[in-house]
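Shared between the two complexes below is chain A, which pairs with chain B and chain C, respectively.
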Partner chain A sequence: MMKALKDRTIRASIFLGLALIVAAVAGYRFRAQWVDEPLYPSPHLTEVRMLSEYHAPLEGTPMDTELYIFDSGEPGGTVLICGGNHPNEPAGYLAAVFILENLRMTEGRAIVMPRMNRGAFLHTESQEAQLPNFFIPTAHGERRFRHGSRVTNPVLQWPDPTVYVNPRGPFWDEIVAEHPEIAEGNPGPGRQTLAGVDSRNVNRMFPGDPRGTITEQLAYAIVTMIREEEVDLAVDYHEASPEYPTNNVIVAHERAADVATWAELLLSGDGVAISTDTSAMHLRGLTHREWGDAYMGIRPVLLEAPNVAQGRLKGRSTPEQIVEGLDMAYVRVQMIQKRLNERLAERARRLEERGRIPRERTRRILYVNIPETGIHIDVRVARHVQTTARLVEAYNDQMAGPPIGIADIPHYDEIIENGSGHYLHGPEGEPPAGAAREEE
Partner chain B sequence: MVIAFFVSAFAIKLPIGIAMAIGAIAGILAGGHLFPLDESIRHLVEGMFAYFDPILIIATATIFMFTMERNGLLQVLAAWTLRTFARAPFVLLAAITFIIMFPGMLTGSSTAAVLTTGALMAPVLMHMGVPREKAGAIIAMAALFGMAAPPVNIPALIIGAGVDLPYVGLDLPLLVLSVPIALGTTWALALPHVNKKAAVETARDVEAGPAAKHGAKLFLPLFVVAALMIGERVFPQHIQLGLPLIFLIGMGVALLTGEKVSANKVSIEAMKAALPILGILMGVGMFIQVMTLTGARGEVVIQSLQLPRGWTGLYPIIGTTMPLMGSVSSFGAASVLGVPFVLALPTGPETIIMNAAALSSIVAVGDLMPPTALAGIFAAQVVGEKKYIRVLRWCIIPGIIAVVQGLLAIQFAAPLAQYLVRIGG
Partner chain C sequence: MITWLYVLIVAWLVYLTIYNLYKEEKPMDQVTCAMVTIPLLLRLFGIK
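And then the complex of A and B:
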């Protein structure tokens, strides 16, 4: 008996020891995600603020995030440029960093917020088998960027409720009192039932809640900043899986629809095919909807570009998937889609010959054409950057508000030709950023 | 991965959870993802953590259930229910079905339903003369249909989130797809064993046990847990305790309101009972993470989308892959397969809601699929059946009917949506 007990004790001790080793190794890996990679703003940066200046309880928390302000010193409007709303959408983050490291303002000012949900950069998403980083070659060596999650790290906000009902926020009633016309056909923010995990998705909870969860407080702080800084135009960078119907698109609040449509026209001249969707009033909590419903002066838009690394059909997780946008699984799905549609057409023809109505004529599995060379992150970043430039131009052309002048942003063709890394900066006199990879 | 799992589970006879972990490690090796070693370890741990919340729910719900059993509540409730309703078994069975479904309807979790009201109703069913394994099947199926019923159907929420579909208009379709089949299943399984005369005699003989002396306060834990669950739904901005804490509060109340129970002892016993399934969930988490890492998960989805709509194409694929993938996680299947499937079906505003409801009802059947078979395993546990397969075999026909019903709802989604989907309000 004693011997058996001893054996069991030894066996249990061995497994416990193994579990501790595994926990230590994994803990070290997870902790590495908590270190912010350095960013190198352009020399025209005038001020760095923290978002907590607009909602003090965020101060000192991992959710507090930097606002990089570029003030031209000339009168004009304010443009807000955001990345990292969903840190698992790498081109969204990289495009904001790209703007941050190159921007010069000639009229008005810009506020760049590259890590909107900083708490979602701190982990990778369970069961998505994400690679935790991606690397961009630059003149200063390879730079590492984190590939985070769609939602805030549960270490910061846990547990999720069974269902999440997003907040109404404190702004709507005040807006409706002053501008009753906004409530026509518009149910206003909040009270929408969502999956529990969306309680950590900042892009489902605007305009936020000052006394809510830490992610709701983040949303509230952003909307407060928009109102206090009187932002005129706001651009929120995202990516979407190729099977998601809203892709290669500008989603615009109805107040921004004219600007977006004009920008779409200008982009066609650049060879950038994009379409404009109007923000749905029944789908609440998103930037393009709630920013516009919380502050009457703003024209908010959200941009989507295709990203194979976040799709449900993706093949094995590789660095190429993120950076080169290359995944042969998606290329194969395109061929499958083509064959399936040929079969459907043939079946429909036969049924119609027999006087019957076919159930299905065509099927779209993918909403984006994925070339065999992939959709490189340079292309996705270039789309976002060029769309931003054209949105500002359209805003000025339409005299939608006080003028905004941006400069030193490379053209789409230049970014494609030279790569986005060509325009990214690094520390002078310090080892190239690629050294960070060796340390891992 | 699959071979390593089967060899470990059935040839070497390792526990299913360990076999899943070995399958995951085999996938890492075969996919060439072993190095860097710390990264492959990270994947295993990260995959495991997908089930952190369900593990806490199961652990605390099991402790709650064991406490209710030890403090005498289950026996008193069984005796009271039988004496009150013995003359109307048809109505009693309907009431039992709704009682079992209720926690599932509120929480979206079949496990919560089985381990709470399922455990309460198990002795009632068996005292009525329903054989042990059929009683388990009734509990498993009612819990599963409770999970699929409104107001909270988590797979439907997950599918909706994937296609920007607000959780509106789903209540009636979900109700129609869950309540009639739940009642039909209970009656079909139980009525052949129940007759009024025997039930009345049994009711007379059933002893409430020593806990009866505690009177109405014995029922307090049930009211507290129900009130907190309802409170979370009705006042989501004010009450956000989470199921694990609700069950622990319920356990705390149960310790004070019935026969004396040692919290330490009952917790250890409950954890011993729950540990195998917790191990399976951790193994499954690793397995899915590595399937995604190697591209196997994507391949499953791609293979599922290749056929035209109809009974000789997409529908059988939906009817098999969703429950099968639900065997590892019905919530995971809703996200990974449910979203592409709903996009592969007609997407008119009302039709898509009907299809999402139908898909979510099909995916719920996954909770019966081994190796996890959450509803089946816990239902076997609450009726005291050692081999859960004996319970599951009585679930096969209702499970198939549920899947076929879901597929018929997809086939006739457009006309059904006209009557069942209301999105104006």
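And then the complex of A and C:
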């Protein structure tokens, strides 16, 4: 009896010891995600601020994030460039870093916020076998970037509710009192029921709540910063899975629609096929909707590029999936879609021959064409960067507000030809090999 | 407030799991208890 008890205790201690070792190793690896990779702003950076300057309770929390300010010293407007709203969308993050490391302002100011939801960089998507990093080759070796999650780390905010109702925020009533025309057909922010997990998705909770959850406070701080800094044009970088209809688009608030459509025309000359969608008034909490409804001076847009790594139909997670945008599962889905549509067309033809009207002729599974070579991250970054340059140009052409001058941003063709890493610093902060730097 | 309440619940679950780890007689049940301890500890220490 005593021997059995002793054996059981020894066995339990061994198993507990092994569990502690596994927990320690896993914990070390998870904790490594909490360390920010260094970013190397261009020499034209004038100031770095923390977002908590606009909402003090964020100070010292993992949600507080850097604002990199490029002030030309010349009068003009302010452009806000954001990445990392959803850190599982790598080209969105990388495009903001690309801008940060190359930008020079000639008129007005730029505020670059590459890690909008810093709390979502601290972990990966749960149960998605998602890789925690991706690597971009530079002239000085490979540089590591974190591949985070769509939502804030649950360690910072939990438990999730069953249903999340996004906040109304403190700005709408004030705006409507001053500009009653904005409320025509516009229900205003909040009061939308969403899945519980969206309680940690910052892009469903703008304009935020100063006394809400930590993610709602982050949203509130960003909107407060936009209002205090009187941002004229805002660009929020994203990516979407190929089966998501909002892809290769500029989603624009109605106040930004003129700038976005003009930019779309300019981009057609660059060989960048993109379309403009108007931000839906009944889809609340998103940057392109709420930033415009919380501050009358801003023209906010959101950009989407296709990313196979975040799709539901993806194959095994690999580094190529993130960087090269290559996934044979999607190529196969594309073949299935083609065969399906051939059959549907044949059936429609037969029905029409019998004088009947077919119900459907085509069916879409994917909303982008995925070549067998993939959609490389350089292409996705180049799309975002070139669209930003053209949006600023369109904003100036249309005299939408005080002029904004940006410089040293390589052209789309140059980024495709040389790769985005050519214009980024090396892993130890070595200067980029890019042409923009050589001119200095 | 609610976060601290949940941390207390997790701490209680960790205690119960380790208590059962030592109480279970079959090795496989003990292994199960040990495996359950891993995510609970990671949550308790605010890691994952």
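The rule is simple: the second predicted complex is superposed on the first by the 402 of 440 C-alpha atoms of A that agree within 3 Å, B and C clash if a C-alpha of one lies under 4 Å from a C-alpha of the other, contacts with A are read in each partner's own complex, and residues count from 1 in each chain.
In this text, a contact is a pair of C-beta atoms (placed from the backbone, for glycine too) under 8 Å apart; a residue touches a chain by one contact, two chains touch by 3 or more.
It should be emphasised that the depicted structure is a prediction, and the values quoted were computed from it without experimental measurement.
Q: On the A-aligned overlay, A:Arg8 touches which partner chain: chain B = first, chain C = second, or both, or neither?
A: A:Arg8 contacts chain C only, not chain B.
Q: Which one hits more chain A residues, chain B or chain C?
A: B
Q: Figure out whether A:Phe30 sits in contact with chain B (first) or chain C (second), or with both, or with neither.
A: Both chain B and chain C are touched by A:Phe30.
Q: Considering only the touch criterion stated at the top, classify A:Val22 as touching first (chain B), second (chain C), both, or neither.
A: In the superposition, A:Val22 contacts both chain B and chain C.
Q: Give one of first, second, both or neither to describe whether A:Leu344 is in contact with chain B, with chain C, with both, or with none.
A: first
Q: Examine A:Arg354 and indicate which partner it touches, taking first as chain B and second as chain C; both and neither are also allowed.
A: In the superposed model, A:Arg354 contacts neither chain B nor chain C.
Q: Once chain A of both complexes is superposed, is A:Thr246 in touch with chain B (first), chain C (second), both, or neither?
A: Only chain B; A:Thr246 stays clear of chain C.
Q: Of the two partner chains, chain B (first) and chain C (second), which one does A:Val155 touch, if any: first, second, both, or neither?
A: second
Q: Do chain B and chain C land on any of the same chain A residues, and which?
A: Overlap of chain B and chain C footprints on chain A: residues 22-23, 26, 30, 159.
Q: Which positions of chain B touch chain A when the two form their complex?
A: Going through chain B, the ones touching chain A are 31, 36-39, 41-47, 49-50, 53, 56, 106-109, 152, 154, 157-158, 160-161, 163-164, 166-168, 232-233, 236-237, 240, 242-244, 285, 288-290, 292-295, 297-299, 301-302, 305-310, 332, 335-336, 339-340, 343-344.
Q: Applying the document's contact rule, which stretches of chain A touch chain B when the two form their complex?
A: Against chain B, chain A makes touches at 22-23, 25-26, 28-30, 124, 126-129, 132, 159-165, 167, 192-198, 243, 245-246, 280, 282-284, 311-317, 329, 332-333, 336, 340, 343-344, 347, 359-360, 363-365, 440.
Q: Under the stated contact criterion, what part of chain C meets chain A in this complex?
A: Interface residues on the chain C side: 2-3, 6, 18, 21-22, 24-25, 27, 30-31, 33-35, 37-38, 41-43, 45-48.
Q: Note which residues of chain A are touching chain C in the complex, please.
A: Against chain C, chain A makes touches at 4, 8-9, 11-12, 15-16, 18-20, 22-23, 26-27, 30-31, 123, 155, 157-159.
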